[in-house]
Structures are given as C-alpha cells and as structure tokens.
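Okay, so chain A shows up in both of these, paired with chain B first and chain C after.
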Partner chain A sequence: MTVTPPTVAAETPRRATRRIRSARGRETWAGLGMIAPAALLLLLFLVIPVILAFTLSFTNARLISPNPPRFVGFDNFIRVFTTDPVFLQSAWNTFVFALVVVPVQAGLGLLLAVLVNRRMRGTTFFRVVFFIPVVTSIVVVSILWKFMYQKDGLINSMIDTLTFGAWAGVDWLNNPDTALGAIIVLSIWQAVGFHMIIWLSGLQTIPEELYEAAKMDGASPWRQFTNVTWPGLRPTMVFVLVTITIAALGLFVQVDVMTQGGPVNSTSTIVFHAVRKGYEQQEIGYAAAISLIFFVAVLIIALIQRWLTREKD
Partner chain B sequence: MKRTPVRVAAAAGLVSVLALAGCGQAGQGDTTTEDGRTQLTMWTHSAGNEAELEVYEQIISDFNASQDEYEVVHESFPQGAYNDAIVAAAASNDLPCLLDLDGPIMPNWAWAGYLQPLELPTELTDSLLPTAVGVWDDEIYSAGYWDAALGIFARQSVLDENGIRIPTVDEPWTADEFADVLSTLKDAGYETPIDIGAEDTGEWWPYAYSPFLQSFGGDLIDRDTMLSAGGALNGADAVAWGEWFQGLFADGYANASGTIGNQEFIDDQVALSYTGVWNALTALEEVGDDLLILPAPDLGNGPKIGGGSWQWGISSSCEQADGARAYLEFSFQDEYITAFADKQIVIPATESAAAASEYFGEDGALRDFVEFSQQYAVLRPETPAYAVISTTFETAAKDIMNGADVQETLDRAVSEIDANIASNDGYGFQ
Partner chain C sequence: MAIDTTSTRAVTTRGSGQRRAATPASEHRVRLRGRIFTYIAMSVFGIIFMFPLVFMFVSSLKPDAQILQDVDSPMAFVPAGDISLDNYFGVFDRVPVAQFLFNSIFITVLTVGLGLIVNSMAGFALSRLRWKGRAVVMAMVIATLIVPFETIAVPMVYWVAQLPTLVIEGGLLKYDFGWLNTYEVQIVPFVANAFSIFLFAQYFSTIPTSLDEAARIDGASWFTIYRRILVPLSGPAFATVAILTFLPAWNQYLWPLMVVQKEELRPVMVGMQYFFQLNTAWGEVMAYTSLITLPVLIVFLIFQRAFVSSIAASGVKG
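Let's turn to the complex of A and B:
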C-alpha cells in the first residue's frame, strides 16, 4: 500500500472508501475461511496427487524399491502404446462399456423417472425400490451378482425354467464373450436409480402450467414429452450425461471383485490396469503414465460433450 | 468484531489441519510401559484364524511373563489386507518390530530395505525345514514355525472300484497314468473328476500350479541368472504344461467354478481333490479311514509342490532388534511348533516337533505330507521380481484355462516379466 500525505480536502471521501474496503475485506476473509477446509482437502487429495502423477509418469518410480526413481522421459508412454497389448485391450473394453452404458443407463433412468413421476398410489414404493441398489455398497452388489452369474446360479436356473430346459445358459463371467456384457448389465442395474432421481428432480422443475397449456392445445402425451418435458430437461440431461460418462470410464470395482480383468483380459479396464500395474506389480511410474493418459482422455471426452450439448443461441 | 472473520478463517484452517493430522496418528512407536518395560510391536496376518491366534497369544503371554525387559504387543490383520498394510506402513516408516510375511514376498521386502537380517543362532535355523527359512542375498531374513504342502485327496473305495493303482511317494502317478485316471473317473460318472481349486485367486495360482510347470521341466524364471523368464516360462516344456493345463478344463476334468475349499470332495461330487494339508483334518473326520492322501503326479521331472509358507521377520526400523530376537528365539520352542501344527494342521518345521505332533508324528494320520514336503517342495523363485512374476503367472494361467493360445500367452507373460526386471536394473542381479 502506498502512503500519500493526507490532505484535508480528500479526507471525507477517503474515509468512505476505506469503510467500504474494510467491509469487502471482511467478506473476503469470511469467504476464504469458509472455503479453506474444502480448498485444503482438494489441494491435498486432488491437486497434489495430479501433480505427483504427472511427475511420476516420466520416471521409473517403484512402489517398493531401494533405488531412487530415475527420469526416463517418454519411455512409459511409448511402452503403453507399443508393448502393452493389455492396455489397448483395456482401453477398448472401457470404451465399449461407456458406449453401451451411457445411453442405456440415461435412457432407462429417464423412463423410470417419467414412470414414477405420476400422481399415483405406490409411486414412492417404486422410487424406493429403484433406489435401493444405489445405496447398497457396490462391492456387496458385485459379490451377489457374481453368485447369480455362476454356471448353476440364479440367472441360469431362471433361463433354464423360462426356456423349459432348451437353453441352459453359459458360465457368464468365465466366458470371454459374455463377461463384459454381464458386467454392463449389473452396472446399469446398480446405478440407474441414482440417475432416475436426478431426472426426477429435473422433471419436477418443469412448471405444471406448461403441460396444461399443451393439453389445451390438444397435444398428445408424446408431443407433450418432446415439446415440453425434453426441452425442460436440458440442463439435467447435460449433467446426467457427463456424470454417467465419467463414472463409466472409471469402471473398476465390479471388475476387481468379479473377474480381476479376466477371462483373457476381456473385462480389464484402464483404471483396473493402472491399479494392477501400479500396486500389484509395483510400477508406480508406469501406472502414473496410464492414469495421466486416462485423465487426458476423460477431459477430452467431457469437453466434447460440453461442446455438443452447449446452448446454441 | 473486526477480527472475527480472521478468527473464523484461522479456526477453520486449524480444524482441517487437526483432522488431517489425526489421520496420520496411527503410528507404531516403540514405547515404554508403566513398569519400565520396552514395548515390542508385532503384526500378524492371522485375524479371523482362531487356531493360529490362540497359539500366538499363548507364546506372547509366556514370553511377557518370562522376563521383565520387554513386552510384546500384538495386532492382527485380515490376510487379504495384510501386505497392503505392510507396504503402506513401510512407506510412512511405521513398520512394527516383528512382522510375519509370506515366504515368496520376503526377497522383495528385504531388497526394498524393510527387513534386517534375522541373526538367530545357526543351530536354531539349521533345525528348521529348509523351506521354512527365507534366504536372500546369502542372509537369513525370515524363519517360520511350519510349512504347508499340497497333495491329492482321494477315497480308497472309489479308486478300488475303478481299478486305479494307488500311487506312493516312491512311485507316483506318471503323466499318462494320471490322464487315464481322470478319464476313468469321468466315465465312472463324476462330472468333473478332480477339484484343483481354480475358483480361488491370488497367490494360490502360482503356489498350486507353478509346481506342475516345474514338473514338466519349465519354471517361472531362469533361476541361474534371475534376469529373464525367457525359455523357462515359454519354452517347449512350458508350452507342454500350458496345453496339459488347458486340457484339464477343455476335457471337463476340472472346472473353475464351485466353492473355495474342499467341500466338493467331502460331498463326493469330485473323486480327487488337489488341495492343501490345512484341509486334511476335516476330510479325515468326514471321510474317515477311506481317505487317501496321494502325492502329486510326476509330469516328467518328478512330482513337485510349492514350499514356503508364512514366516517371521524383523523390520529394519526396529530399534529393539535384540528384544525381537529374544522373542523369536523364545517362540521357536518345539511345544509351540507342535501346537501350531496340530491346531492349524500344517507341517511342523522341526523334526522333534513333528515327532511330538498328533498328526505329523511317525504314526500320524497326516505323516505323508511331511514326506511330500521333504521330497518334492520347490521354493518359488527367491527374487524381488516375484511380486510381478506371481501376478503375471496368475493372469497367464487363467487366460490359458479360458482357452487362450498357450504359446502367445506365455510369450506375453515373459515379455511382461522381462520388461519389469529390466526397468528395475535387474533387481540387483548381474
């Protein structure tokens, strides 16, 4: 702060600005105080790890080693794309998973939301039923579904009964052709309730008058949906799409519990591969490189989604 | 009034810092008790294993009562989380003085500097089964009270009915004979004649199935140099193993579903069960005199089984290493080794403890396992690269089980292991 000799003429306005300034300063301090806990946690558990991962990805750092890490330039990144077929397979699996899960889960969530949004008896019951899998731990859900998918499990005995024994089903999780599909079905079932709730909150922000006006104009339920509901849900849709995409790309727990990436890497995902490399095989530097690639990929996809769903006016 | 916001900010910051500091307060400092004894911290992987914990608690209370210089304080972890706990503790310099560890991981931890040489009296370590002593770089870093062994459980009545020769330690089943046995039993109506435990995961895979590979003449790594898996894991012998292993599942002799453990054999859903000594007592109680414990088949280079079980080490950060040594020396008494053996059903590490054991003595019902362990046991490669070898082998063997091309899968495993060894400058091997 620069100090200038005070003049009598300037005294009055200056005092006024000082009062304003100190009031602002007080607000600034209170604001800073309030964001401090969150900022500190974000810094410790998000910013610092990201910087660390970025640095580590250019070294051969090990989880356990007496040797200090050495700078290896782009070696890890070259290795990822040239000599690690499991990574490429994992990236493909993650992509397929997201490609199926994002539209199906969003669509199914919307359908359920529209269904439970009616003024009818028992809708609360259905809302609770659809939401139960979300509040159940994903590890528990995965273990239960693992039993259900067994060769003599619930799903196969259901198929057996329904087809009168014509088709006995397959060993879902041990067959490279069906394992990823099985995980997709489970994942959609588990998380669809969460997105149903988000859609539902969006549906309830649409004013009832719009529907009444549409009805007076003689719009069919389908026209009401396309011309009133859907435009009204736009901000919700963007949120749902982005969150599902990010969650789908980060697929890990179901794979870790149910298949450990097998059979024949058919369910390995990028995050699972990074954890396996970094933790089980102790190559933290290499795993950091994979994580960095993952981070950039998610960022690009999220930005593309933002751009595609931007307000076009 | 004016300072209030500043105070709010300071308080908020302080609370966060305290909360975070609280997270880091699980330290394992060696402290002194009220009566002036030095505390020795000790971690085991045996949470949930009543039989094992019971013996440890006995040893600890006997040791604490036997002298007035040290007090052992013990904490047990579930096995699934144990290795992670050790690695995390090592990273934050919080290792306990005494820790138990799985035999094959020891070289990795010793190389990483987590452990200090054990330096127990040589007459003590010499009296133990060779597979119960962990050596790295010509120094003993770990020693255990027992070893485990694998065998094939069968029912005498079933083998007799189907005219199958009962193999012995001197004359185990040959590869051809074993193939005939499986097809005979399959024809006799067993949907899958043998349970080899393929539904299990983790260290079980290299422990149980790499000995088959070694019996074929292959190995996990070239043990002369410890620098490459090339040839050992993807040579002709290894490919023969892979095709045989794949065939077990393709031909319907074994399967990968079912429950972990030995229940299928007890229920007579499978005729043979390739499993560990720890399941033997239940099988003995359920099947009685009809139970046979048979050696693993000779697939070309003699029967092989995995050696090396849980052992004890002293961390390098332990300041009371003398106390830790005193405790370990005290604990290697035959009476405790026998107690471990008979309660947990594992092979006692000393001859004299075996002689005193109910099950593993000269006439013990499970004596065969002692023979298997002495004659067939092969240690998993004693190299820090084992952590990678283990997970890579598990993935490769599972892929082979699921029908992947054997040569291609093994080649990929070799390149993965070799890349890892190279990126670690050979783990100290030249």
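Let's turn to the complex of A and C:
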C-alpha cells in the first residue's frame, strides 16, 4: 500500500476526487432509476389511496355522482358510532372472530409444528397434508364448507354418526347463533397450516444441544418444551400473532361467499360493512371513514401486541 | 432451507440408536408409545384436513341426487356408483371456464413476472447502491408494509376510475379516463410489493460486494452488475418471491369483484358467482371448484419443498 509510485501520488488528488464524484453521481442516477418503477407504483397504488381514504372520509363523496364531493367534517365518523348499529355489530363480530381465531389458530399451528418436527418417518408427508388447505383458495374453501354446512349436509351427518344418531342437526349458516362459529371453524382449518410452517422454522432455529443438555439433566418432554422450546420461540410468536390478528380483522371473503353478513347481521364484519356501504351503496366517503377506523384499529392492536411480546431485557 | 434437515436428522438418529442399546427397556417402551401417539395424532389431523377436499373431488364426479344420498354414509368419500365427468361438461356449458382460466393465468403470470423485475431492481437499488435519499425511501417502503389492502380497497376503486388510459378507437390511439373493466386494473396495482422488495434487498445484501467492485473496475454499468451478477446468483430469492406472490394473485377476489363487471375479463374466483342462481347445482359447483383448485394443487405438489421454505423464509424476517 505504502509503495505507491510517487508519480501517480503527485498527480492524483484533484483528478481522483472528480472521478469519485462522477462515480457517485452515476451511482445515484442508477439507484434512482432502478427504484423508480417500484416507487412510482407504490405511490400510485398505495400512498395515494391511503391519502385519498383519509381525505374522502371527511366528505360525502359517492362512487358515481354528478356533484363534486363536499367537505362534511366529522359527520361520517359521528354517524359511524351513533346512528349505524350495523357497524357496531360488525365491529363486535370482527372482535369476537379475532378473539377466538388468534389463540386457537396459533396454538393449533404450534401443536402441529411440534408433531411434524419429530424425527420420524412420514412427517414430511403430513406437513404437505396439513399445508394443502393453505394453497386452496379461500373462495373455494368457503363454497365447499357452505355446501357441507347445509342442514342435510356432510357436517351434520358426520356429527350424527359420531353421536350415534343423537344429533338433531343444525342449519349452521342460517342460524344467528351458529353462523359466526361455523365461519371461525373453516377459517382456522384453512390457514393453520401456514402458521404451522412458520412455527416449524422457529423450532428449527433452536440448537439441538439445548435439548441434549436438558435430557441429560433428566427433563421430561413437557419441561423441555416449557424451558427450551417456548423461550426459543419468542420472536416467532410475535410474528405469528401479528399476522393472524391482522388477517382475522380483515375477514371478508368467507362472509361474502357464505352468508352476505346474515342472518340478521350476525356475521357482518368491518371490511364487509365497508364494502357494502362504499361499493354496493356507493357511499365512498362513509366507507372511507370505516376503512380509516379499521386501519387505526389494526395499527393499535399490532403495536399493543408488539409491546406485550417485546424482548424483556 | 431451514426445513431441509434430512442430513442432520440421519446423524442424530444414528446417535440415538447407539444410545438406545444402553437404555433400559422401559424407557424404550415410553419412546415407542410416544411415537405411536404422534402417529395417531397426525393421522387424526390428517383426516380433518383432507376430508373436505376428498369430498369435493369425489362429489364432482357424481350426479346431484347421488351426492345428497351419499352424504349420510362413508360413501360420500368413495368415487363409486354413477361416476362420470358430466358435471365438468355441464360447467363448460354454463360458463366460459376457458376464458376465466385464461384471464386468471394471464393476470397471475404478468403480476408475478413484472413483480420479479420491478421489485428485484428496487431491492438492488436499496441494498447495493449508495445514493441520496436511500434511507428515506427504504423507511417509506417498510412503512407501506403495515397497510392492509382491505383498508384502501374501496377508496382505490374511486381512484382507478379516474386514472388516464390509452385506448385504440377506430384505429386511432386515444386518451381516455377510467381503468374499470380492464386487465391492467387487475395487474398493475399489485406489481410493486414492499415485502418482495424487502426480501430481495435482504438476499442481495448476503452476496459479497467484491463481485460488484471487480465488475466496476472492468467498466460494467450498475444495471449490468444487477443483470449479469446479482440476478443469476439469486435464484432462491426469485423462487421465494414468485411463490409468495403467486397465490394471492391467483386467489384475487374482492378487487376484481369491484372493478370488473365485464364477463370476458373476469378471473376464475369471481366466475364462481354464476353458479348461485335459483337452484344451485352442487355437482357442477364441486366440478368448477375442483377445476380451479387442481392447477394450484399440482404446482404445489411439484414444488412442495420450495413452497414450504418460502413460507418459512417469510416468517423469519418478521
């Protein structure tokens, strides 16, 4: 390094800076050029719609209307919470759905992951089997379960067989008491394989030596789970809980395909209500207000979850 | 990646085999019982996860009357009796399935393909190049991750209805407004994806920069470095992003439901609506759902390992 020929060293300073500067300039242009398509698309189809949602929520805009939107202040938000019982019902249904789905799906996913993580023949086969519903479209799944949930359908007949004929049969989706529960079951069935895989990748980051050491100390399988596995899964748990919660709060397709929010709004959800208002009834401004409330709710819950499950140092 | 533990598995099984010789018979029995229990549990779950789909495929082969009759017995899961492909022919008579399938494949291929190009270039710019404003752009890309599509779907209908577009009218290229009822409205909004950009940036940053420097000295442009060095070395990242964007693109439902009314532009999921008129012919419905599920299922079974490791990779970054 130090043996640089003197001639070059004498000539370098100015020219070298210029060369570096032009290289920097080219790098900047290359960077801007290559980020441009993605940045432009994100701006057009994410940033602007977010700003638009925010702006429209303070207007009476309609999807197709000869009159330009008019600013109405907080009217939409006041209306959401005071004169729209269907919204409150939808918010409650969404909350109940998430409250059941988040722990059950996360827990079941972990159980499956622990099962298929054992060193046994055939676990790869079962991984594939448990994952197949995930690659099946939720639209297909919803239609299929709608068929199975009919009064004379497969679900009732299977329960009837398992209880030796003691089952009277329920019209699952047409009964306000069972419709949401029925949707919860199929939603968990469809998505649990996804979270099994996430848990599995978490499980496999735990070093084998820890288990060997625990076994050496005579720890039972349960003690191994609580003392080795569970602490090692902390970061995975945050991810699983956040993704399930956000997905659960966005419940829409199942409702749209299976019940259209009924019977008597017992399965209406926030997103379903927003689409019904904004798209079917064309009240875009009002739907934007609902969307904004939904977004804030998602944000708050994600932040709370992150805080609750933060690394305790 | 993380899922593929076969090599380590072989080693440890051998190790435990040696230990087993030394352990008392009772402990061996406990372990055997544990294994049997695991198999029983996995089989029960296996049945729970498979029975609806088996029922769907089997029912698609039966006439409606027999489906309803078989529901009360295990025959519901056995393709026996009056088996035929009549329901499938019925589906083709009732709806333009071929058109729907073409639309979905076209939309999915373009969304995934363009996404790979656009997002990998963005990932390259964010992870490999130093330029002014990079940190700000990176922060903004990450911020967009927290916006669920459902929250902007309805305002976006309003927005795309006003976007300018080019149309060919009477042999002339004209300027018009409104993206409703087009292919582009189903493709373009989903090309750029913050999560894909993030995955690419992560992967690129694991490739040594000495390669870039060597190429720079040889006078290669940044785009050449991206095209000739980074892309060929990043097969796994491209596979992961392709898989993660393939499923949502194929499964699009809410968005095309709102922005596409023209039958000839609709994707398969929305095409389903045609079956729920007065009397639902369930055999045909099952045939249609089987028809649109099978391609994805086959792709999944072929690339099963890649699917699983892609999903696992998406979680590690959380």
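Some observations on this one:
Note that in this section the second predicted complex is superposed on the first by the 272 of 313 C-alpha atoms of A that agree within 3 Å, B and C clash if a C-alpha of one lies under 4 Å from a C-alpha of the other, contacts with A are read in each partner's own complex, and residues count from 1 in each chain.
Following the convention adopted for this analysis, contacts are C-beta pairs under 8 Å (C-beta built on N, C-alpha and C of every residue); 3 or more make two chains touch, one makes a residue touch a chain.
From a predicted model like this one, the values you see are computed outputs, not experimental measurements.
Chain A is touched at more residues by one of its partners, and among chain B and chain C that partner is C. By the document's definition of touching, of the two partners only chain C reaches A:Arg118; chain B does not. Of the two partner chains placed by the overlay, only chain B lies in contact with A:Pro263; chain C stays clear of it. By the document's definition of touching, of the two partners only chain B reaches A:Pro176; chain C does not. When the shared chain is aligned, chain C comes close enough to touch A:Val128, but chain B does not.
Contact with chain C, but none with chain B, is seen for A:Val238 once the two complexes are overlaid on the shared chain. Once chain A of one complex is fitted onto chain A of the other, the partner contacts of A:Leu63 extend to both chain B and chain C. When the two complexes are overlaid on their common chain A, residue A:Pro37 makes contact with chain B and with chain C alike. By the document's definition of touching, of the two partners only chain C reaches A:Ile246; chain B does not. Look at A:Ile198: by the touch rule set out above, it reaches chain C but stays clear of chain B. On chain A, the surface touched by chain B in one complex and the surface touched by chain C in the other have residues 26-27, 30, 32-34, 37, 40-41, 44, 63, 152, 279 in common. Here chain A touches chain B in the complex through residues 22, 26-27, 29-30, 32-34, 36-37, 40-41, 44, 60, 62-67, 79, 83, 85, 150-152, 171, 174-176, 260-265, 276, 279-283, 286, going by the rule given at the top.
Contact residues on chain B toward chain A in their complex (touch as defined above): 2, 5-6, 8-13, 15-17, 20, 84, 87, 90, 108-109, 111-114, 201, 256-257, 387-388, 391-392, 395, 398-399, 401-404, 412, 415, 419-420, 423-425.
Those residues of chain C that touch chain A in the shared complex are 2-3, 5, 8-9, 12-13, 34-35, 38-39, 41-42, 45-46, 48-50, 52-53, 55-56, 68, 71-72, 76, 118-119, 121-122, 124-126, 129-134, 137, 140-141, 144, 146-148, 150-159, 161, 188-192, 194, 197, 221-223, 226, 247, 250-251, 253-254, 257-258, 269, 272, 282, 285-286, 289, 292-293, 296-297, 300-301, 304, 307-308, 311-316, 318. By the touch rule above, chain A contacts chain C in their complex via residues 24, 26-28, 30-35, 37-42, 44-50, 52-53, 56, 61, 63, 112, 115-116, 118-120, 122-123, 126-133, 135-141, 143-145, 147-148, 152-154, 157, 160, 189, 193-194, 197-198, 200-202, 204-205, 208, 221, 235-236, 238-240, 242-243, 246, 249-250, 252-253, 256-257, 271, 274-275, 278-279, 284, 287-288, 291-292, 294-295, 298-299, 302.
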